[in-house]
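Can you read through this structure? Questions will come right after.
To keep things simple, chains are lettered A, B, C and D as they appear, and every chain counts its residues starting from 1.
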Amino acid sequence: MSDDEYEPPRREEFEHDPVSHAEVRAGMTVGELADEYGRAGIGAAAVHEAVEIYAEMLDPDVTCFLSLAGAMVPTGMRRIVSDLIRAGYVDALVTTGANLTHDSIEAIGGKHHHGREHGEGSLREHDETLRDEEVDRIYNVYLPQEHFALFESHLRSEVFPPLAEDGVVSIERLTRELGRANADANDREGVAEDAGVAAAAYECDVPVYCPAIQDSVLGLQAWMYSQTSAFSLDALADMTPLTDLAYEADRAGCLLVGGGVPKNFTLQTMLVTPGAYDYAVQITMDPEATGGLSGATLDEARSWGKLEKDARNATVVGDATVLLPLVVAAARERVEG
Amino acid sequence: MSDDEYEPPRREEFEHDPVSHAEVRAGMTVGELADEYGRAGIGAAAVHEAVEIYAEMLDPDVTCFLSLAGAMVPTGMRRIVSDLIRAGYVDALVTTGANLTHDSIEAIGGKHHHGREHGEGSLREHDETLRDEEVDRIYNVYLPQEHFALFESHLRSEVFPPLAEDGVVSIERLTRELGRANADANDREGVAEDAGVAAAAYECDVPVYCPAIQDSVLGLQAWMYSQTSAFSLDALADMTPLTDLAYEADRAGCLLVGGGVPKNFTLQTMLVTPGAYDYAVQITMDPEATGGLSGATLDEARSWGKLEKDARNATVVGDATVLLPLVVAAARERVEG
Amino acid sequence: MSDDEYEPPRREEFEHDPVSHAEVRAGMTVGELADEYGRAGIGAAAVHEAVEIYAEMLDPDVTCFLSLAGAMVPTGMRRIVSDLIRAGYVDALVTTGANLTHDSIEAIGGKHHHGREHGEGSLREHDETLRDEEVDRIYNVYLPQEHFALFESHLRSEVFPPLAEDGVVSIERLTRELGRANADANDREGVAEDAGVAAAAYECDVPVYCPAIQDSVLGLQAWMYSQTSAFSLDALADMTPLTDLAYEADRAGCLLVGGGVPKNFTLQTMLVTPGAYDYAVQITMDPEATGGLSGATLDEARSWGKLEKDARNATVVGDATVLLPLVVAAARERVEG
Amino acid sequence: MSDDEYEPPRREEFEHDPVSHAEVRAGMTVGELADEYGRAGIGAAAVHEAVEIYAEMLDPDVTCFLSLAGAMVPTGMRRIVSDLIRAGYVDALVTTGANLTHDSIEAIGGKHHHGREHGEGSLREHDETLRDEEVDRIYNVYLPQEHFALFESHLRSEVFPPLAEDGVVSIERLTRELGRANADANDREGVAEDAGVAAAAYECDVPVYCPAIQDSVLGLQAWMYSQTSAFSLDALADMTPLTDLAYEADRAGCLLVGGGVPKNFTLQTMLVTPGAYDYAVQITMDPEATGGLSGATLDEARSWGKLEKDARNATVVGDATVLLPLVVAAARERVEG
């Protein structure tokens, strides 16, 4: 490392872009913040790239798949998603039964609650107390169990009966009926300006796919209803319209929020179409090192042919409740601003 | 902190167990290693606790649910699971279509391969090359795509036809048929001593539940077959026997390997039975901070009533390919050794 | 779960705040985004809380400690930190030798570079190539090694000689001298508007503490210089002024960016003062489950008396290159906007 | 994906090793378990590789550096490390002040304790209670604060006085004196068979380097003692013998347990020697995506020249309290078994 030992590098020139430094100002917009991220490295660079790609995906010529894992709705992301749907930025939504369950609970007037002071971690005795109080916990969000009984009534009076006559129906038939019933209930009860994700999708004619629907309270209720009626759900039927949508897309893009079944179901549809995604942005905190699909890189998806070889893609590592609002606000600023 | 400032503590006495120190010796058994973990803190204490609990769960009077996420089979965990089934330690298996797909590929003579030197991470160009070579990557495991074509033939000749006559069947009907066909193929081809997870379950009459089956190559193939036949899969039918099993259990325990749909589907069945799990061990690397179910603590499950208030439970944070063999070997040593 | 089984909850009323839903708009400010986070749960709630607390800490009456781990400077966070210093928002900076090394390299005209397309992961062959090209990699940031030779010259001509006469000096003496020399070099060479963190601290008379200085290229250079001179560094001397600052603070707050030695050194100073931090915000992605201090919760710090029992504190889990700009921009908007 | 679309792959042949499947048996040894890991993928393959490499490093011709981060001693890893030292498997130890502090507390008769039932997470009120009870928490390990007062007496009567006469001494002088005093105290009090890490190192003449010593209770005590005596610590002095050891090594290897300063200090010594590490094994749970050194891959270290281009290296992702015992037991079985 002394001068004597030093030998000039053999590189002709160093062609990479210099890192400059992010600068922030009071009152700057979210889009300006995203520009500043583009100067920096590590994850900031990835957020900037994600915003660029997602803004391109918002072009009307791109068919946009939105995959939404886990518990995004009860934790405050409901409005962002319903706004994207109403603005025409979603061509298909792939999500979980949990999201649809909690979305519906709010449409009929239920509320989730902030638990312990934005706390950290958990403690057994604390959850034992919640059990006694009949409050269910989702990390730092609480839901009194009584809302599940109201949800059951909603399903049994408004959602399942019109389906039961048709015997085994597609899951998308159920999510559509749920959207209609949620919109009605929200209006009837004057609950809120926004009737939620399922309602917005129903009103905008956007299909909602929910491949693992049985893995949720909505699924449990559907099963209980099926015990005393001809009603049931076809696990495979939705793959036809989903694949058709992928097949017919000029250019296809996906925004993957979290991992799980929604992520893979969205990606795998490209295994049975000649094309693949031209754009892909994922927001995830799942670690790659498990080897699981949830934390897998988009490059891994490229080896399978789920992404085009020359697709633009970005992985943003972090909490979706922080990063989804940020990426959406910045991308919409670029497109609409 | 000086002597002057120091005031004696107000605690009468300090009643917690002292941490002693793990000691290791050449030639020690895995069970002895687990005992040593019990002396230590952090995650070692959790592994020790997990072994204790799982050993209790192996009692014939405990009904054992095994949930197996993601990609455990292609990454080398197939034999451990099939051995557990054959030894009578599994009363129901809840898993993914991916595990069943890769399990079947090996039963018909296919092989997964170690990729790049047990490496770290990924690189776009590398996956582009794999794409050109028609090799699919699962983290550091490779699978030539040709095996999917052979798998398709196997399904279309041996598995789907007997089902097609019955129209819409339960997913468990399909996994049973797959187990039978895999056992036959493995024998016919003299593939290996072990015909795999589905085959072992078939032979031992252990039901295999796969709620998100459509989210896999197996699911894609089932869908393609359904396009030209009356065959389809009922998304809800399996919930009846699964709930019955939980209902009839004197004591119930679950070993949750990874998160995802298998974890929640295994847990949620207790929402519709009067009881709950008496024992629960989870092995996961999914972070709690996402708020998702995959990384959620078992205490959170307790707030929902999925675990008994006084259930014994342990969460082991880490890689399931390392920890599942360790926990199983140590627990079997206690029970059988 | 059926109506029959349902029993009304025993809670008198449910007193937690309802979760509402974040809403985003094209052109909204970062501060408005932070307000929206406050409606949501999971990590968004924590970001909102962090902004609230940090804005309070920016009050001139609060003594502000900023701890800055690892590699924040070479990855684009240099300007945000130097701006905070120049705006009077930092009373003491605790950081690493790595940050000071890379800060100085830029002050003398060197540049870090964006590596592979904002990529993911790594691959052995790739790093072997970089080795041949004499390029050092920090995740996705590259630095040609030639800059270390120029840094050595800078140290040996501008920084070490004035110190050498005094024999064993405090580390803070060195960081102050480095700041002066960086400011001079930056001006002389017309490098950039911003001479960096050490220069800003020098000019604003803010002390820079670097407890593990020997663990860096700056430390290696200091050691080599010490081999041929009377110069050396006193490991303990800086603890006096740091403790004095904590002792004299009316109210004390800390912003902890990443973990490592800077985090603990900042926190532990409260073990030898009667008070403790009144405010604490940490931004970290280090997992709690290692049991290490880097990922430890601030509640753990409370058990040690590093935080006041009634301190306001928030932990934001995520990438500091994304979250530091966001939290700073939003807090400055509240205070200055 | 149908037969028609299928085209034979262009690969001549597929030269990777097949993944077979791990098999476990009641009573198997830890070394046998490690062999089984070698059949599998994901992290199991990495553990197997780590065992292979570490067993090679135990060859007497390899100079072995052991870096030990954070809180390994209070959490039960003390005996494994002292046994490695006594067996001649460590040529230099690089560690933290925290490890030395807690090691000494046990040598003088103190005890750490298992906290809450091998629990998960934390809760603010709980830590407030611990604060009132004067108990410090390290994740799930508790330490009554009274032990720090006894530690202070030990330092002030047995450790610091012999050093004070020499003014500014190297940190390694202090750790050696501490080892001597711990060995004496342990014997005198009949505390335990094992006097701990510092004592073992003292008795076996293995240097203990502790670059960030001021960042610990040991460091705080050293600073307080320096206030009233000529005593202080030289931050740079230890780099000479450490570099000499690296320089003189025929072959060099490092076992990196956790990240932090010990990891980088161990690696960076190769920046000022002509050679580099021939073997490197790291056990860490720190995420790579922070961009920090703690979670950085060993490939990144290769770009800097800290590892030889053809070095054998393995990264094991997981909890060191689980993996250190496992890797050491398996490697010792290979070498001694």
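What we mean here is this: contacts are C-beta pairs under 8 Å (C-beta built on N, C-alpha and C of every residue); 3 or more make two chains touch, one makes a residue touch a chain.
It should be emphasised that the depicted structure is a prediction, and the values quoted were computed from it without experimental measurement.
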Most distant chain from chain C by Cα centroid: B
Which listed pair, B-D, C-D or B-C, duplicates the contacts of A-B in over half of its pairs: C-D
Where chain A and chain D are represented by their mean Cα positions, the distance between them in whole Å: 40
CA centroid of chain A to CA centroid of chain C, Å: 32
Euclidean distance of C-alpha centroids - chain C vs chain D, Å: 25
Residues of chain A whose C-beta touches two or more other chains: 1, 41-43, 71, 75, 120-124, 126, 135, 138-141, 220, 224, 271-272, 285, 287-291, 297, 299, 317, 319, 321
Residue ranges of chain A in contact with chain D within the complex: 1, 41-43, 116-117, 119-124, 126, 271-272, 287, 289-291, 317
Contacting residues of chain D [partner chain C, same complex]: 69-71, 75, 98, 121-124, 126-128, 130-131, 135-141, 168, 171, 211-217, 219-220, 222-224, 226-227, 232-240, 258-261, 264-265, 268, 271-272, 285-294, 296-297, 299-300, 302-305, 309, 319-321
Touching residues on chain D, where the partner in the complex is chain B: 1-3, 6, 8-11, 14, 16-31, 33, 36-37, 39-49, 71, 74-80, 83, 111-115, 118, 120-121, 132-135, 138-142, 144-146, 148-149, 152-153, 194, 220-221, 224, 285, 288, 297-299, 314-315, 317-319, 321-323, 325-326, 328-329, 332-333, 335-337
